[in-house]
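This is the structure, below, for whatever I ask next.
Chain naming follows the written order as A, B and C, and within any one chain the residues start at number 1.
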Amino acid sequence: MGRITLENVQKRFGEVEVIPPLNLTIEDGEFVVFVGPSGCGKSTLLRLIAGLEDVSGGEIRIDGRPATDLPPAKRGLAMVFQSYALYPHMSVRKNIAFPLKMAGMDQAEQDRRIAKAAEALNLTDYLDRRPGQLSGGQRQRVAIGRAIVREPAAFLFDEPLSNLDAALRVGMRMEISELHTTLATTMIYVTHDQVEAMTMADKIVVLRAGNIEQVGTPLDLYREPRNVFVAGFIGSPKMNLLEGEHARAHGCKTIGIRPEHLDVVDSGGTFTGKIGVAEHLGSDTFFHVHIPGMAEPMTVRASGEVGLRHGDPIHLAPQADKIHRFDDKGLRIS
Amino acid sequence: MARAITTRKKVMWTALSWGIGLLIFFPILWTFLTSFKTEATAIADPPVWFAFDWTLENYRAVQERSNYPLALTNSIIIAVGSTILGIAIAVPAAWAMAFVPGRRTKDVLLWMLSTKMLPAVGVLYPLVLLAKWLGVMDSRILLIVVLMLINLPIIVWMLYTYFREIPGEILEAARMDGASLRNEIIYVLTPMAIPGIASTILLNIILAWNEAFWTILLTTVDAAPLTKFIASFSAPEGLFYAKLSAASMMAIAPILVMGWFSQKQLVRGLTFGAVK
Amino acid sequence: MATQHSRSAARLMIAPAVFVLLVWMLIPLCMTLYFSFADYRPMRATFEPWIGFDNYVSFVTSSSFTNSVITTLQMVGGILCITIAGGIALALLLDQPIFGQGVVRILVIAPFFVMPTVSALVWKNMFFNVDNGLFSYLYKALGLQPYDFLSQAPVFSIVVIVAWQWLPFATLILLTAVQSLSSEQLEAAEMDGAPGWARFWYIILPHLSRAITVVILIQTIFLLSVFAEIFVTTNGAFGTRTLTYLVYQRVLESQNIGLGSAGGIIAVILANIVAIFLMRIVGKNLDN
């Protein structure tokens, strides 16, 4: 069981309010991703849940029991750190055994659980090595192994993939998702990478300056971003946000059009400009289009191979039903 | 860095380095050689280099001088004692400053350093007076405490810099894994900090062993360590070079060996982390 | 990382260290301060608790004070020059690829681990001694008149002894600094056409400037209180009385506690001036 409730949780460091009062419920078995730019308070929020920092106010409940004043060890949570935080002086086996040893579990049960975790994570051959002798991906698995043997109420991940190279990252992403399907345990995952958030989460919590900007499924956030910030943060390449004349035409302060919702047309269209950089990926083609009167180039995503190049003129037509409109305060107008 | 260095150049640099190295080392080498000579050979004119009858007589003679074994014992007890006491006080303090830094941590550290810079003569008489008043003048315990105090800032500082290299996340991981503060220190921090603690101990023993202000002025006979014992040779007693050399070698040999092992730590310990 | 619990535990753990150092610093220092305003000569059973600044005035105006300051400056300055120049040269030398580098390093740093009384005695008797010292043999071998170092050039002799002891320290620190200089920087300079001396002057020396400052400050603090070397060699005679030594003589030899304490306070003040600069550097380093 792992239902985590935050009620008016806030955090101040001295005079600085890092997290203003915040409410959030994480259901049992959910994979929740906290995402936001660096310094948005997502890691702090995770550490508050873990008990590594004291809250300055509010209440944290785990499975309905108040946990606000419990030390980290008593909360029944396991955490995977950004640096993996493996104990360098212990073998992989001892690393994984450490939480069990601290819990005073008998040896036979310890061995059984370690064997099971090692099996699941492909670590059986490495149990007697030291962390220093392992590759980045293997270290990551040891850190996960150390977390799963405890059978915690919830897993906390603090940017666990940021130290891996791009190829490994994709692989580990899948492994963690699979782990979640197998264990069906609550997972809270912190990242600044919106791709990780979109691909892994059941529920995404977008944070900015300690405030929750929006909570929802990945597709909710993609389809109906609640404000300009979320609109610009979720989706890759980034949504084109236009102000001024084009926005006024739609009766609002800002309009947003995703690159994939701009069609390349032979003539006419709403926007006409010149192609700056063209990125040919094969499956897709990205154009950065310079449009007279606009400060920023507009990004367009065309499917497949498109025979246009740098300097070519281009005509763009947005899909009418996919235009997002935002008011003076940056909030979505539906 | 990948560059072929001509052997000729390397040989030239080698010869120069070895020449200068030996020149700097020469006083110690000469003392070493002299310690195996007879008193007559020791002052022979011209000086004898290697071709003499090597004898252990001087070492025997020095050891038989009643106060050498006492001085040696005193040196060991004082250096080791002050180090253990200092480590016991410094480890918790350094732990706290490294892992639970507060707003005033930096000020406390700098203040501790500033006590190290207090010239000893500034507090000479009060210390003599207090020692006499407490009846601990010329006692090992007095020197253990005084040397601990003068080296405590260095111990705290060295441990602090070592502890700071241990990532806080690892200790947090231990906390998440259910370790109490005690278990965290026993199973995670201490094993990781052992190399740092060991080199701190080493450097501190060296500093305490060689301390030659308080050890000379606060002792007479009973607690006099080797520094004081050697200083007593300063009034010449005729032909005594060989014995002086033997006594000197015995006083410096163990520390020389320890010092060679701790050269890296020396930089860290004595510059307070200002040079990396 | 910091929770309320760990913070109060931390305070408890720092307390002993802070307490002992506070006691160590405050009690004797206050006593010295107190004595420095008193006329206190236990041998003559004189004790007058308040004579104002008389001790300071007579300490500072006596010619022995002026001489001791000059001697101190000569010694510290001389030792610093030798150790810094020698240290830079040795650091650059030891940074070269040579055979048996480890052994040479060991030879060079050895003097630092020799206890001050031993090095003073060895130099005094086996090198400087006018009858049997090695230098005398050397002079005679060259057909020169043997030179009595300790009585004819006493300050210089002590400078040699102490510089020999501290050269390894300067070398080690400067070597650490030299090794932290990226070879790419030097190679870039070489590509830019800088000859050897220019690379030293424009790249290496500026890179070392911080280490040099640290060496100067730390050595100054230790050198201001050089004691055993003087105690063993000249016992303060022949104009080798430094400020430290003068205070020691006033306090323990002539037992003029008031006067000596005033001198002690002056020494504390002078050392603090150096200390402030050192603390600035160390403090800045603490921030990053």
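The rule is simple: a residue touches a chain if its C-beta (ideal position, glycine included) is under 8 Å from a C-beta of that chain, and two chains touch if they have at least 3 such contacts.
These numbers come from a predicted model, not from an experiment.
Distance between Cα centroids is largest for the pairing of subunit A with C.
Closest chain to the protein centre (all Cα atoms averaged), using per-chain Cα means: B.
Inter-chain centre distance (subunit A to subunit B, centres taken as mean C-alpha positions): 53 Å. Averaging C-alpha coordinates per chain places the centre of subunit A 57 Å away from that of subunit C. Centroid to centroid, with C-alpha atoms defining each point, subunit B and subunit C lie 16 Å apart.
Within subunit B, residues 172 each touch two or more of the remaining chains.
Each of residues 1-2 in subunit C touches at least two other chains. Multi-chain contact residues of subunit A, defined as those touching 2 or more other chains: 52, 71. The residues of subunit A lying in touch with subunit B in their complex are 50, 52, 71-73, 77-79, 81-83, 85-89, 98-99, 102-103, 146, 150. Across the complex, subunit C meets subunit B through its residues 1-2, 6-7, 9-11, 13-14, 16-18, 20-21, 24-25, 27-29, 31-32, 35, 90, 93-94, 96-101, 103-127, 131-132, 134, 137, 140-141, 164, 167-169, 172-173, 176-177, 180, 183, 210-211, 214, 218, 221, 224-225, 227-228, 231-233, 243-244, 247-248, 251-252, 257, 260-261, 263-265, 267-268, 271-272, 274-275, 278-279, 281-283, 285-287. Those residues of subunit B that touch subunit A in the complex are listed here as 167, 169-170, 172-180, 183, 187-188, 191-192.
Residue ranges on subunit B touching subunit C, taken from their complex, read 1, 5, 10-11, 13-14, 16-18, 20-22, 24-25, 27-28, 30-31, 34, 43, 45-47, 89-90, 92-93, 95-97, 99-102, 106, 108-115, 117-130, 149, 152-153, 156, 168, 171-172, 181, 206, 209-210, 212-213, 216-217, 226-228, 230-231, 233-234, 236, 241, 244-245, 248, 251-252, 255-256, 258-260, 263, 266-267, 270-276.
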